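Shared chain: chain A. Partners: chain B in the first complex, chain C in the second.
Moving on, here comes the complex of A and B:
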């Protein structure tokens, strides 16, 4: 299967304003879709905070038994604030259905329409994901604001403007990293057709090593078997922590100075690496692709 | 009763044949559930590197706590294997009118709708739970007595009965509302409270929450009572909890039966 010729693509390319109008319509439709079930959606978002309630009591019980003021640099309040902040990070980096959707489009043949249309598939996926996320934030901001207001006593004072700017930058990068990681996994569908097992293995690693379950600073004392190398130091070089732990740790002031810059650079490098990997997987995948399905 | 046992055996055999037809898928499902469970066990192990006990003076040190976790795994795997697949399918049956076919059968509708689908891969977590229980008990200072060993399986059944009642009432909500796509979500968030010892729920917010989850929705009795019986010395308070668990199991089954029958009587067929 080959893509459309450049001349044909140029001929059928929509004018700039038409493109903008199309994206605006997509955004409006997505927003209306969300608002149609707004009660269900807000309730569902609120329910996602419930596991944090049990974590609050669990860590309170742990602190009561230890008499320690902090664990791995985190007070009880810091840990609760950390869990709440990772909910924001996960709202940026999680890409539900992305990898499975790409693999399905390869399996059922629907991906071929992107090969004959003057649309770049990866860009299209990124744009529609941005639209969906924007719509999600527009509605989810209310339950999030409510929960954060109720839990404000767990948070340290609001950090300075520079820290907030770096926090926002890390969130933006976490969105891109989450997108390109999952899109690359989905592209493996060109080779394996069914990627659910690969996605599962990724989710498993992601669940444990992203900091979704606990602040990753707690891994600093866990050995790897290699003298002088802790599990915590290994995890800092992997992409997972940038999808949950890193932005939360920035807001809580757990990472400073050169360490912060180094981590931001690692995150940016991972974004570039995964974006390139995604692009290579798409190129090579479409080259070996045979259009199954009608 | 014998007739229903035979019918359940037929359901189970058919599901086992289906699972064994797709062996790789079955194996993957087992690995999936064990994988998620292992992540949680890793988290608990990490927690115990920072503390010797969950809550001061509660007795939930590392080995008793893992006996608690094992008990939770066993109970949840039974519910996930026997009842959840059927309950989840009910949504689709209500929407498509497939429920009509069940209602015209000369069988108790609740029995068929609760047990017609068995997920054998869910037992994988239960087997790991049994292994974890043996490991924990072998390392504990306190060895469970004969009474504890007699009560433990009975209290596990009580826990299963309470959870089953919750599942079937959520399924009844499906019949009333016509759709309940987030049945599993509700289930997950509700049972989340039963994952830790009841002692952690203390203080001005924890106390009322503990009472709510013990006396109104008895989710805290599900794992706590059998786990306490097997992992900690039996005291006067323990006997009170045993009585509470048996009463809650009986009451839950009764209430769920009433709610489910009421929901069925309001069912209007979706088919022509």
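Moving on, here comes the complex of A and C:
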């Protein structure tokens, strides 16, 4: 440590895969942090399966009351398979605690760390969310496998490889979409002290319009007041359905051909739009924070 | 300004006694160079909204909010050279923390400019951010649920420290603070003092050239404070690091800082050496006597102001100019077993300094702009 040479020169020497190493480390640290709460995690995963049981009872009652073989193209078996599949989608697209966590870091000032250190907050959140999900899947794969095995008779035959590939792609996009949607909501914490009511409103919309509550094909027949425009067709242009309905519908073979391609493009565009929105919100938010609070 | 005392540099010869480890030559050599921190008429104003009392007032507050401007900093100038250790003193709300936040780029100023290591801090360039560190509060850089060793590894990547250098610096810092045995324990299980030590290690891993410390010894016991003092003195001298710290403990100042900047009401009231403060603002000395008998009040009043007479023990306040004539007189006319002469405690001097300004709220030109 000689006093004469500025020590910064020693660390700014570029090394190969600099960015990757940092990502990897952020991932590892977040993984370790998640694992500190593994007990809580296992319980939380199992609890997620409870709501689906009530859903199944409800739909059994609906089918026996109407005596119909199918509703909006969904047989009773399809409905069961659909709900189980949306659970997989939700496992990718839902971001528990993300928006609230960002808002909290603004409120309690811990966001300062990301202003002082040479680190990008959004990248950091993304890396830690990936870690979060990886830990979750490692734990959740067992109950998921068990339930899917027990319910295997409800599923149609396994689709072809191309469909499976598109299904996986749509899951990946739904993860990114969910992440950037909620991260942007969290950034609103720079303007509002508390974002929980905004997040609640979002959750409500999300629950209704994502297909989490019922298959969105059922909206096709509902008008919007504008001639020729059904509620179902409007929903296709919104980001919500890509966080639950879309991947499940792909697996069940409900969407094909150009319709499928179009939906994938809409999903990808939404990912880009929300990623940019998130970045802008961060920039504006920190500027505001610097000017008013700190 | 009530006290227009702004000494250019620490020029007191007594400084060498307080900081034997600091080379005077180094700071003289640096004096001619570009300052590490250069601040010019830096001002920060906040608009705060008063929350009215009562429900009705709260409801009307929804439509019309009363606001006022708080001048956290009123156009300060400061220049700090490389290797200086500066203490920012001031009562709560004086603007010390605002100043540190501006210098570390967390907030942007309302007016004025600042350069730290040649960068404007609030532009937050990565090159700048890799070369300084800020320690503010207890839950700062360390991951709460993980052992500190893990946070250090993350810092290694964030600051791009190469492996050999990282390990050497880490081991050195860890050994100096004697924290090796707690490196693998989750941070949340550690005591306040232990966490503070680890925060400092985390902040120093990338060998910052500038370090900002916001009340680093708050809530620590005497032993931990002492450890931190020794540690900071050593690291600062070894690296020729520039350090600015805020504190309320005069012990920190006496142990660490050659230069003191006093801020009140967002203005710099005093900038100079600690000894100079004592010199300028000490009007009297404290003389403690241990006599053979219990003296009367009148007998003691001849010498100075008797603060306390408890049996044969007497504490007197004597005006400084008179001390040379009064002491021989005491020794002549009293049967003295023991005698000691001390300066007024630093805390008292500084408190008086804060008060003298607080008693007269500034009515300077800055106020007119509000």
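Couple of notes before you dig in:
Keep in mind that, in the parts below, the second predicted complex is superposed on the first by the 243 of 294 C-alpha atoms of A that agree within 3 Å, B and C clash if a C-alpha of one lies under 4 Å from a C-alpha of the other, contacts with A are read in each partner's own complex, and residues count from 1 in each chain.
Keep this in mind: a residue touches a chain if its C-beta (ideal position, glycine included) is under 8 Å from a C-beta of that chain, and two chains touch if they have at least 3 such contacts.
Quick caveat: nothing in here was measured; it's all calculated off a predicted structure.
Touch criterion met: A:214 reaches chain B, while chain C stays clear of it. Of the two partner chains, neither chain B nor chain C is touched by A:258. In the superposed model, A:118 makes contact with chain C only, not with chain B. Looking at the shared chain after the overlay, A:153 reaches neither chain B nor chain C.
Shared-chain residue A:291: touches chain C; no touch with chain B.
In the superposition on chain A, contact is made by A:21 with chain C only, not with chain B.
Residue ranges of chain A in contact with chain C, taken from their complex: 1, 3, 6-8, 10-13, 15, 18, 21-22, 24-26, 29, 32-33, 36-37, 110, 112-113, 115-119, 287, 289-294. Within the complex formed with chain A, the residues of chain C that make contact are 26, 46-47, 83, 98, 101, 104-108, 122, 124, 126-127, 129-131, 133-134, 136, 139-141, 143, 145-146, 150-151, 153-154, 156-162, 165, 186, 206-207, 209, 238-240. In the complex of the two chains, the chain B residues touching chain A come out as 28, 32, 35-36, 39, 42-43, 46-47, 49-56, 58, 182, 185-186, 189, 192-193, 195-196, 199-203, 206, 209.
Against chain B, in their complex, chain A makes its touches with residues 40, 44, 47, 50-51, 53-54, 57-58, 60-62, 64-66, 68, 71-72, 197, 200, 204, 207-208, 213-214, 218-219, 221-222.
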